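Letters A, B and C name the chains as they come in the text, with residue numbers starting at 1 for each one.
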Amino acid sequence: MTEQKNNFNLNSLLKETAININKEDKKNAISVIKNTPLPNSKIENWKYTRVSKLGNINFENNKANIDNISRYIIDDTKYSFIFINGHFSNIHSSKKIPVGVEIKVLSKKNNEFVNSSLKIKGEIFNAINTFYLNDGLLIDIKPGTKLEKPIQIIHILKGDNIISNFKVIINAGESSNSSFIQGFFCDSGNNNFCNSTSEIQVAKNAKLNIDKIQSESEQSFHINTEQVKQEQESIFKINTFTLNGRIVRNNLNIHVNGQNCETHLNGAYVLKNNQHVDNHSIVDHKVENCISHELYKGVMDDNSTAVFNGKVFVRKNAQKINAFQSNKNILLSDNASINSKPELEIYADDVKCSHGSTIGELDQNSIFYLKTRGLSDKSARNILISAFFQDVINNIENQNIKGYISQLLNDRFEWNF
Amino acid sequence: MIEIKNLHAKIEGKEILKGLSLNVNKGEIHAIMGPNGSGKSTFASILAGKEEYDVTNGSIVFCGEDLLELSTEERAWAGLFLAFQYPIEIPGVSNINFLKTAINEKREKNGHEPITAKDYMNLVREKSKLVELNAKLTSRSVNEGFSGGEKKRNEIFQMAMLNPKLSILDETDSGLDIDALRIVANGVNKLKNENNATIVITHYQRLLDYIVPDFVHVLMDGRIVKSGDKDLALKLEKNGYDWIKKENDI
Amino acid sequence: MANYTEDQLAQDLKNQEYKFGFTTDIKSDKAPKGLTEDIIKLISSKKQEPEWLLQNRLKAFKIWKSMENPNWAHVKFTEPKFQDISYYAAPKQSKKYESWEDVEPEMKETMKKLGISLEEQKRITGTNVAVDFVMDSVSVATSFQSKLKELGIIFCSFSEAVKEHPNLVKRYMGSVVPPSDNFYAALNSAVFTDGSFCYIPKGVKCPMELSTYFRINEGETGQFERTLVIADEDSYVSYLEGCTAPQRDENQLHAAVVELIAMENAEIKYSTVQNWYPGDKNGLGGIFNFVTKRGLCEKNSKISWTQVETGSAVTWKYPSCILKGDNSIGEFYSVAVTNNFQQADTGTKMIHLGKNTKSTIISKGISAGKSNNSYRGLVQIHKNAKNARNFSQCDSLLMSDECGAHTFPYIECKNKNAKIEHEATTSKIGEDQIFYCLQRGITEEKAISLIVNGYCKEILNKLPMEFAVEAQKLLTISLEGSVG
C-alpha cells in the first residue's frame, strides 16, 4: 500500500468561519492546517487508520435541504436540534427548550464570543474544525436541573465533497442530570466528511449521559473528537454505536479532574464491506478515588477493519483508582481484520487496573448446537451476534434508542436484535 | 490465658468496640455470639493486630504479656492463632512452603534450629489427617482455587501445624455444609487440651453442637452484654436476640 | 504493630547494593574510542576474519549511519555517545584456552564471584552444563567441547565458528535479524566482537544445558555480542544466558543480537537471567541494555523464551518468535523487576504466519523505587495463519507510589479463525495477603519475598533448575531489605 504525504486541501471553496472564536486559536489553526500533513501510519496514534486520501478531495461546504427527516429522528423527544452539512436547520428543529437549560445556536449568537479550549497544536482535525467551523450548539444545563427528556442533536450530510465542521459545547452545571442523543447520518452524496468536535464540562455532582449513533454511508468520512472534563463526584457515560461509514474515527479524551468520579465508555461497532472504524480513547485519572469502566465490542465482516485503542492513565498520587477496560471482537470473514491496543500507564501504586482483549470467530459449537435445535445457519449466527452485543446494548437506558438501533441493524445486516 | 479489660476500638473514627471485657483460662472454650454488625469480626481482627483498627482504651494481657504492644507476627509467635472468616489466597506460594516458613520463623525467634525436612513432612502427614485434608491440597498454592469448605479445613490444618495456645475461630462455620462442619469441629476438638484455649465466634448455634463451649457470651453494641453456659446458645437460637436487647436497653 | 512497612521496604531497596560490582584486574587489549570504518577493519583484522564478514560489517555500518536512535520505547535516557565507546576490548591473551586449567586465576575468580565457576556448576547440578564465558565481548572459555563433539553438537565462541564453520555462519547469520532491522541491530552487525554459536544436528537432543555467561569488565567499553543457535530438524536444546557487569559511574552500552533457528520439529528453550549493573540508588551509571532477540520457527517447531530481568539501567528488549511453519509454537515467559531509577521496556513479538500456530505470553512486571516498567508486546496474526491461537497475560505489581507500571499490547488480527485472548492487571502487593502471613508468624520482609516469588512462580518454574535458584536469589536480593 502506498502512502502519500498529503496536506489538507486548502481551496477557495472553503471559507474561514464566521463564528466569533478566539483570533489566536484561528491563527494557530490555520498554521497547523498549512504546516501539518494529514496523519500517516508513522504517527503512532494513526498507525492503523489511513486518512491521507482526505487530502485528495476538494472539499466544499454548501447548505442543503432535506424535506423529510423523520427517518433520522432517533427519539420522539420534544427537544430536537437538526443540522444539515453543519448548518442549523430552523424548520426541522424544535422551538422548545427545556426549563433550566440554555441552548444557543453558535451562528445565531449575534457575534457573541465562543469560548473553546480544544487542543489545536498537533491536532489537524481540530484545527480544521476550528478554522472552518460551520455551526453548532452551546448548551448550558443550569445547576440542579434534572432533565426528564433527552436533548437530541442530529447531524445529516448531503451532497458530494461536502465537509461539515460541526461543534457541540455542553456545560452540565453542578448537580444537574441530563441526557443527550447524538445522531450522525448521511442523506446522499459521495466523499462527504463530517468533522465534529465536542467540548463537555461535567461539573461537581452532575450526571451526563450521551447515546451516540453513527450511521452515515459507505461513501462518507467521519472524525469526531470529544473532549470531556469531569469535576468531583460527577458521572459521565457515553455509548457509541457505529453502524455505517467509510472511515470513522472517534477520539474520546476524558480528563477526570475531580475525586469520586465515575466514567463509563461503551461502544459497539458493526462493519461490513470496506468500512474502517477506529475508536481511540484516553481516560486520564489525575486524582484519587475514581472509577472508570470501558467496554467496546465489534463484529467485522467482509473486508472491513476495526481499530481499538484505549488508554488509561493513572497519574502520580492518583491512588485508589479502579479502572477496567475490555475490548471484544468477532471476525466474520477471512478478509476482515482488527487491531486492538488496550493500554495502561500507571504511576500510582494503590490501584486496581485491568484490561482484556479478545478476538475470535463465532463459536462453531454453539452454531452447531443451535442448528441441531432446528435453527438455520443464518438465524443461529444472528442469535449469537445479538447475544454478543447484549451487554453493550443493555447499557442504553432509553428504549427508543434501543429500538432505533435494532431497526438499523436489521436494515443493514438483516439481524434481529 | 487472656484477659481483656474494657476494650474500646475505632475504625475510621467509628467506635465499634465500646468496653469489651473477657477472661479466658487454659483448657476453656468460649463462644462469642451476636447479631450482624455487633463487632464480632472486629474483635477477632483486633486480637490478631490488624492495623486499621485503633484501640482507644482498655487492655489485653495474653500469657502475661501486653498484647497491644506486640506486632501481628509477634502475637503469632506468642501462640495466638486466628482462623480467618475469609481465608486469603496467595497465588504461587505452596501451603507446604508457607507453613514451613511460618514454623521456622517462630523457631528462629525462640533460638531453635529449623525443623528438619523429615520431621516436617511427618508433621504434615499427621496433621492433615486430622481435618481429612487431601494431601494434594497441602502442596497447592495457599487457598488458591480451594472450595469454601477446603479453605476452612485448611485453616484448621494450619492451626494444628502451628500448635497455638489460643485459637480464635472467626465464623469458621460460615459456608460449610454439615459434613464439612463435622470435620472441622472434629479437628478443633482433637486439638483441644488442658493447656490451650479456644474462642469460637459464630452467628449460629449449630457449630456449638459440635464444639461444646464452656461459656457462651453475647456481644452486642461493642460489649459483652450477657454470659452463660451452652444453654444460653440454645435460648438464643430459639428466641433470637431481641430479649437481650430489651434487657440491656439497646 | 508491625513496624516494617512498604515504605521501609522501598527505603531498603534504595539502599540495596549491587552484589556483583567488582572488576577483574586482567590486562586488556582495548581499541581506541570511536567508530569509523577503520575501527571496523581493525576489529575484523584482529579477529582474522574472512573478507565476506568484513564486507557485511561495513554494509551494516552504512545502514546504521543512515538510521536514528529509536524513541518509541517508554524509556528516557541520554543517547550513548557512540564515538566515546571503545568497540573492542579483549583480555590480553593471544592463546586459546585448551582447558579449564589454562584460565588465569583472576578470570576464575571473576567467575567464582558470579557464582558460576565451572566446578561449582558441576557440583551444584550434579549434571553437565556446558559454559561459554564471554567477557568484554570475547569468548574466554568454553567447556565440555569434546563431549559435545561426540554428538556432533557445535558449541563454541562466535569467532571460532566463523573460522571452523563458516558456511553455517554465513548462511544463518542475519537471516532472522538483518542489520537493517533496527538501529542497535545494525550497530551490532557492524562492530560485534564475539559471542556464542551453537548447532545441534538433526535428531540430536542435547543432553546438557548449554550456557553462556556475559560480563562487561572494562570501563568505557560496550559489549556487542552475537549469539546464533541453530537447531536442526528433530533436535532439542536448552540454552542459558547470564549477564553481569561491574559497578561504574558511566553508562555502558550492551547491544547484543541473538538469532535462533528452529527447523522442522526442533525445539529451542532459551533462558536468560539478566543482571547487568542497574546503576546506583541515585540512578547513576548502569548498563544500557538494547538487545534484539528473535527466533524463527519452521514447521512443528517450538521456541520458548524465558527471561528474568533484574539488571540494567535501561532495558529495551523483545525476544520474539516468527512462527513461519505450520503448527509451530512460540512462548514467552518473563519476570522483569525494576528498582531505584531503572527503566525497562520489554515484551515480545509473536508473528503468526503459519497455520495452527500457537503462542503464549506470560509477563510479570514488578516495579519498586522510582523505576518505570513497561510491557510492550505485539501479537500479529497474518491472513494465512488459520487457527492461530494466542494467550497473553501481563501482570504488574507496584511496590511504591513513585514508580510506574505500563502495558502496551498491540494485537493485529487478519484471520477470522484466530483466537486471541489478552489480559492484563495492575495492582499493589496485597495488604490482606501480608496480614495473613503476619498472623501466621511470618515477618513482613519474608512475607513480601514469599508473595513476590509466588507471583513469579509460573515463570521461575520454566527455568532450568540451577538457574531458577539463581533467579530466585536475585529476586530476593532485589526485593528484600535488611530489617532494622
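We adopt the following convention: contacts are C-beta pairs under 8 Å (C-beta built on N, C-alpha and C of every residue); 3 or more make two chains touch, one makes a residue touch a chain.
From a predicted model like this one, the values you see are computed outputs, not experimental measurements.
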Quiz item: Measuring centre to centre with C-alpha atoms, which chain is farthest from subunit A?
Solution: B
Quiz prompt | Chain closest to the assembly centre - both centres taken as Cα means | solution = C
Quiz item: Given the two chain pairs A-C and B-C, which is bridged by the higher number of C-beta pairs in contact?
Solution: A-C
Self-check item: Distance from subunit B to subunit A - Cα centre to Cα centre, in angstrom
Solution: 55
Quiz prompt | For subunit A paired with subunit C, centre-to-centre distance based on mean C-alpha positions, whole Å | solution = 44
Quiz item: When the centre of a chain is set as the mean of its C-alpha atoms, what distance in Å lies between subunit B and subunit C?
Solution: 48
Quiz item: In subunit B, what residues contact two or more other chains?
Solution: none
Quiz item: In their shared complex, at which residues does subunit A touch subunit C?
Solution: 44, 48, 316-317, 319, 329, 331-361
Quiz prompt | List of subunit B residues in touch with subunit C within their complex | solution = 48-51, 71-73, 75-77, 81-82, 84, 87-93, 97-99, 101-102, 105-106, 141-142, 158, 162
Quiz item: Which part of subunit C faces subunit B closely enough to touch in the complex?
Solution: 1-3, 430, 432-433, 435-444, 446, 450-451, 453-458
Practice problem: State the interface residues of subunit C toward subunit A in the complex, per the touch definition above. | Solution: 72, 74, 381, 383, 396, 398-428
